[in-house]
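Okay, so chain A shows up in both of these, paired with chain B first and chain C after.
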Partner chain A sequence: MKFTTRQLVTLAIFGTLWGVVEISLGSLLHAINLPMSGMFLAAVGLAIALLGRLFVPRRGATLFIGVIAMTLKLFSIGSVVIGPMIGILSEALVAELVLSLFKRPTRLALLLAGSLGVLWTLVQPFVTNPLLFGRSIFLVWLDILDRGAQLFSLDPNAWIWIVVGLAALHLLVGAGAGWLAWNTGRLLRVRMVASGTVPLET
Partner chain B sequence: MIRERVFQNFRVREKREPLIGTLGHLSIFACSLGIIIFSPGERIAISSALCLLVTLWLHPASIRRVLRMRLLLLLGSLILVNGLWVGAADIQIGEIPFSSLGLQSGVQMALRAVVILMAVEGFSSSVDISEIAGLLERLGLSGLGFSIGIAVNLLSSLRETSANVWRSLYMRGGFRQQRWRAMQLFMVTFMANALRRGEEITLAAEARAYAPERTRALPLKKGCLDGWILAGGFIVLFAFFLIL
Partner chain C sequence: MRRASLYLLILTLLVVACTGSAGESVTSSENVLRITGDSIEKSYAADDLKALEVAQASFRGVDYVGVPLAVLLQDAGFDLQTIKAVKAVAVDGFAANYGPELVTRTDTIVAYDQANGPLAEDEGSFRMVLPDQEGKLNVRQLVEIQVIP
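Then we have the complex of A and B:
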């Protein structure tokens, strides 16, 4: 993973933006205990990281942005940081893996990367809770079913519909993040060309 | 004669190597996480006591994070919820029936959370951000130190830019109608400003002849006990795996 000076600076900018979102918005959402705050944060963070990938279309760029955001989060003043840190890194890794399948970052690649990256927030508790806190997978499953049942006003016994609904919601929000990244990237490019600043590596 | 004296003074003022360096702190952190993650429920008390003792000895200030009211309430509710709803109720505290299995599982989860929190707090308070960057650079992310340096310095500048853009849009009535469009304009203006600032930083770095391929990784703080701590960490982890 070798980047030029310009690419490193661009990655630093997008990493900082993701870090700022995690530090400020993340702490706020955590404090008010908003449901699905993880999904919302992941969508915003991934939109920034995918936008960064449009400006540095090279392998490893999304992961690099995630590592910068994670490091900033580690040194932020907040409460529990290990969960969000693992979350940031794994979301960036998932997005990176998806984007690596495409030669260039296209709209479809961004939509897919956003969708799967946000979907990871649904899967992550099954990995981190048993590993870090010794919580059984069954309890995590019940917790997710409970949250889903409340969100969709469904009976907790209709687990298939809850899971399908939650997965669809995550995929949709993630696709929205990818779409937002693509559109903002295009707008930015137009704006920067018009103002005489050459966009970086587009 | 004068030169000799100057040299002697210089030697007296020479900084002593710290006892624990970056590698030592990382070993302690990794060892604490390893022990607590892989300990089975019945041994969690011993494991967490060992980890907490080491963390408290090395980073006494890390206890402050755990003693916050919000976190204590969270941990308390974790134990309570487990005691009330996990497993069959077999004991009674006051008028309320509790499950001993649930309470036990809650206490184990709370202990794990405390150890991890204190380990993270101790590690982040004793290791500098540039040392983390140096560590990650050695893992293949070259240029990360440079990027993290920029990121840390950009934090305040980005905050200022976002406030200025927001105020400008707000003063012109940007959010009165077409809020979505206003948000998009806010994002584009903010990002364009950030990228322009990035361009300035790139030019400044290149003017100073910075090139990522010619840069050495950021130095790590070395400690006299680092090797011993690393070896000790391995032995303790290995011993734990053997006992388990």
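Then we have the complex of A and C:
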């Protein structure tokens, strides 16, 4: 995982972007108590990280962006940050693992990385809540069912439909993030080539 | 790029639309607290709660008066030893779940008054008060407590 200075600066820029989104949009969504705010934040963050991967298509680049964003999250004021910090790092790690399965970033790779990265936000409470907040896995399960039941206006007993619905929603939103990153990257490449600046390294 | 943004926008609107319809299924009256679960169903008005053991608890600098949750559940006929979780449901369908360790705490109360007067308008007739716990566990406008055995 050796990067040139130019690549490090590029990764730092994308990591900072993700961090700033987490601090600003994250605090706003937390304040207005928007349902599924974690999913939206993960999608925006991963779109930025995946775009960064197009600029630096090397192993470890996405994780590096996540580490920078996570570090910036420390500067969030007035909220508990350890959960979101672990969230950022683990989303970046999931995306990194998916991307490492491909030789180079492709549209499919970005869609998959986005989907699974955002899906992780659904799974993460089962890991972090018992470890950090002492909530049992059973309570986390009940919380997720309640959230899904309220979101889809379903009975909490229809757990299969709730789980399928939530998973599909997360996968879809994550795929949207990957798609957005891919198309934005392509557009930027066209513009950079047209303007004579350095093209993407793909 | 524009198409992708459009799809994202539509997705967001869909999610918001789904959220907007939440809570419509709640039909409970705000002035009565229902305790349900394990074939038990009981309703309590504020006067019924006031007849039970009185306790005080604070949340975000406000002192509340109410009945300990454990006392209320025992009065409704539940055995605290067999409870796996308790769900507090607000009038809009929002719910918070508590494990046995929170249920049996003496300062976990169902509040019907503030120490210096009635509950604020946005708190409804009843609210949960769990000192030192995060805001989302302190459910306002409480209409139902479901026991999960």
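General observations
Assume the second predicted complex is superposed on the first by the 198 of 202 C-alpha atoms of A that agree within 3 Å, B and C clash if a C-alpha of one lies under 4 Å from a C-alpha of the other, contacts with A are read in each partner's own complex, and residues count from 1 in each chain.
Definition applied: a residue touches a chain if its C-beta (ideal position, glycine included) is under 8 Å from a C-beta of that chain, and two chains touch if they have at least 3 such contacts.
Please read these numbers as outputs of a predicted model, since none were measured by experiment.
On the superposed chain A, the two partners chain B and chain C do not both fit; they clash.
Residue contacts after overlaying the shared chain place A:Leu108 against neither chain B nor chain C.
Once chain A of one complex is fitted onto chain A of the other, the partner contacts of A:Ile137 are absent, as it touches neither chain B nor chain C. In the superposition on chain A, A:Ala168 makes contact with neither chain B nor chain C.
When the two structures are aligned on the shared chain, A:Pro35 is found in touch with chain C, with no touch to chain B. When the two complexes are overlaid on their common chain A, residue A:Thr184 makes contact with chain B and with chain C alike.
Contacts of A:Leu74 after superposition on the shared chain: chain B is touched, whereas chain C is not.
By the touch criterion defined above, A:Asp146 reaches chain C but does not reach chain B. Applying the stated contact rule after C-alpha superposition, one finds that A:Val193 touches neither chain B nor chain C.
More chain A residues lie in contact with B than with the other chain of the pair chain B and chain C. In the superposed pair of complexes, A:Gly176 makes contact with chain C only, with no contact to chain B.
Only one of the chain B stretches 97-105, 169-177 or 223-231 carries C-alpha atoms that clash with chain C in the superposed arrangement, namely 97-105.
Overlaid on A, the two complexes show chain B and chain C touching the same residues of chain A, namely 135, 139, 183-184, 187. Residue ranges on chain A touching chain B, taken from their complex, read 1-6, 8-13, 15-17, 19-20, 51, 55, 64, 67-68, 71-72, 74-75, 79-82, 131-135, 139, 183-184, 187-188, 191-192, 195, 197, 199-200.
Residue ranges of chain C in contact with chain A, taken from their complex: 1, 4-5, 7-8, 11-12, 15, 18-19, 21-25, 84-85, 87, 93-95, 97-99, 148. Taken in their complex, chain A has these residues touching chain C: 35-36, 40, 135-136, 138-139, 142-143, 146, 149-153, 169, 172-173, 176, 179-180, 183-184, 186-187. By the touch criterion given at the top, residues 37, 41, 44, 68, 70-71, 86, 105, 108-109, 112-113, 116-117, 120, 124, 129, 132-133, 136, 140-144, 146-148, 150-152, 154-155, 158-159, 184, 187-188, 191-192, 194-199, 201-202, 205-206, 210-213 of chain B touch chain A in their complex.
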